[in-house]
């Protein structure tokens, strides 16, 4: 019999161990992110942006981030916890940008020792990130950046649907970097709104965005407070509440940590979390 | 003449810059640019293609293109014709000479180099940690031209030297500042602020006053600019929004008045 | 008004001028290929494989081929005209393989002076193709191939459908290298079985395989004698007839050239060609 | 014992080599390999994934997986679960250590280097121009292991030195022949012909007789091999197809008897 790849959210989160490099897709697979926070994993290198990156940092999980963008919500130009940790030196920032990040992920995916990239030539990025080397190309003699492989141990993604065998479908296109992250990672877990029959996958193979995810986690509303295209909209007020607390955390760290406890550490399961959010709130998002 | 906000004026200035058939990349947090793109598309740019967060679209047939659109906006799904930018964003840089984009910065120097990394001397102990470069280093290297758009004209932003450069404009100056290091893109065309429009003078490629917005004095501009600005003898006034532009902007783009707040 | 991009097959074929580099997708867009042959274009560099490559060579259009595979039909291990022309030295072969070809196409698509590639290290390929340079990578010191950009002037593809604005859909997945070829080419023409409404494109953006083809040519049955997934099967007997004549051309060049005249040079249009093939034959293929 | 053809025996030998959970790339023109893959998938490999011309699939649930399948075969469309190999074929080489493939050659040397380029001394005037390398240089560099499958055991094919090498096997020999030049893949495992099975002896990695097919003599094998073959003292006979194997092969894979022609 063909083996199914559906696992529980706790089992998936246990794939993440202290010190690993973890890549997070878009929208962030928040059900999995919360489980990782709950397990108090430490010293991660995180490839991520937005609220989930900030939450990982605030929860003490992160030592280093591979960062191309750490902006927050409207009116929050820089993620508050990221900013504090970076400024204090607690957090190491592997400075890059989208093109460099994708080049490094491609090098990892293709088992090449580097990829050449032009974006970043002339900037301070290779100065502040010594892993990026300027070199002279062997064909035309141009100066380019050599980007070393960026190798996630585990990639965590959110998607619309998958079959039991790891064939994944996104609705409205995969997140920004999802496919790059998947290709580079040793193992990929995808949380999905729905598990669908293999026959449905087979009826439209082009719709399969990732063939062969290592594990699938059932997580309806798993991206909350983010959107999941085709299922629900962003919970804008909830995100705003997070950033308000995160911004005030310098003067009031307790309220912020209580919030993290309430939504990530005290909730044993994704179902617990959704209970705390409440049906009315979830259904109000459920328009598309 | 109708009253209008600074952001509305900036939107009109930028809309006039866009040409039919271009591919315009829409970012976040530059509301004037977001409005400008929509205005151009609905008026003189029916063949402009918009790229919003992975979706590529042409929506010139719509009665209205409301703003803003965020990554989580379901309209992206409704409007898109392809997700060619999603998961294979950098697969075809060769047509980026037809692309245009808009960039902000926590610091901008006289040659249009911009900084999104941070402020301070020591990278490991920044005084202000910025959001990071997003895709601006690659975009600014390849696109046909781009526009620096600042929501505030501030001497702490417009500085003689950026602490860090995340997107290379005209380097330390000169017409060959870009070709010398092999960048195929055309570089920054204008810097548009709530006070004025600046360009990059051929020869030096140092920032030069191009036009001053109605009601703003040269002295004000100089006082609010943190570097010595190249000022030609004649500096025209920026053309105010026409009635048609404002009608388009307010009734078909910015119906909620985000640019007037 | 938004401009439509539908053009005639003759106009499309006129994009191909003597000496250009032309990339051909899979299945080969035979309606366009026949028009190019008819126009007696010369000295092309052709990136292609299979019957269409052999036909271009036999018709005298080709000076050089960027070749990773020149096998023929079952029982025809090497394309006959390709083999004769390569052995005689009339045809220059830019020896490569799929990975090297894709690396070179990526370099062109990304405006980079080269791409590093590992496949081919240790083989004779860099010896017989001096454009490929062995070099030492700047990060880990490994020996890799530097592949220069491969730059098609025009790419010709066949697909299932497109809207009037160049949004293309394949059925059953794009051909092997179609997307690589498109990304690298200056201009791309796609012949399609059907033109579909823009609304249909918009209803499923993920199904758009190429966004922004420069021109679309209406060509039902345009891939004949090849298959077009979702529309018709391969005309196996017709392909076999071609290869039989091509193999015998050394002793009987006239019959082979008459065949090319009959199907490519005397037929002024794709409709003419289909008339010669005949409705009964076409409909017999039309099962899926 | 049932009668069987050489190709049927070869198919059984290869099917036994495949392990559940592997990803197997199917090519053209090696009918024994095409049959072997299907046999393994239907018997002990329900988690084998097949990649046919851009389509990735698992069809272990089918009663029969007929052969051959060509690029134009509509079954690829019916069976596929993704076209992950189509248009982005080389995007994830890092899992190719789980991939297996089969390779032929117009020449094969004692170290399993293979030639699809041509025969002759001068590349620009080949005596016999071959079909080209397809994807074998990259495949042979990255896949976990691969098999050389020859439809004829011929001294003009099995030669001491290839005129050209298109896929690097064990170079000029030695266990480090591949790691020394940085190839991550495991190299050729076996060479299977209508007469025998050969492996690559650890240490030298030169081809060595592994088993002789029933009814074939050692002298015949030597006579038909164009290089000096390493022959161990004991050479077992290749295990003949079992009744179950033949039943599977003939009733669920090769119903048209292509391997018996």
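Letters A, B, C and D mark the chains as written, and numbering starts fresh at 1 in each.
Heads up, the rule we're going with is that a residue touches a chain if its C-beta (ideal position, glycine included) is under 8 Å from a C-beta of that chain, and two chains touch if they have at least 3 such contacts.
Remember, it's a predicted structure, so these values are computed and weren't measured experimentally.
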item	value
CA centroid of subunit A to CA centroid of subunit B, Å	28
Cα-centroid distance, subunit A relative to subunit D, in whole angstrom	40
Sites on subunit C at which at least two other chains make contact	111, 117-118, 142, 144, 172-173, 179, 205-206, 209
Residues within subunit B bordering two or more other chains	55, 77, 80, 83, 88, 90, 142
Overall pattern in which the protein chains touch one another (line/ring/star/complete/other)	other
Interchain contacts (touch definition) - all pairs	A-B, A-C, A-D, B-C, C-D
Subunit D contact footprint on subunit A (complex, rising order)	1-3, 106, 108-111, 163, 165, 167, 179, 182-184, 186, 198, 201-202, 205-206, 208, 210-212
Residues of subunit D that touch subunit C when the two form their complex	28-29, 53-55, 70-72, 74, 76-77, 80, 83, 86-90, 117-118, 123-142, 164-168, 171, 181-183
Subunit B residues touching subunit C - in the complex, by the definition given at the top	46-47, 49, 55-56, 58, 60-61, 77-84, 90-95, 142, 184
Residue numbers on subunit C that touch subunit A, as the complex places them	111-118, 133, 135, 137-142, 144, 146, 148, 170, 172-173, 205-207, 209
Parts of subunit A lying in touch with subunit B, wherever the complex brings them together	26-27, 67-71, 74, 77-79, 82-83, 86-87, 89, 93, 95-100, 102-103, 117-125, 127-128, 142-144, 171-180, 209, 226-227, 229-230, 233-234, 288
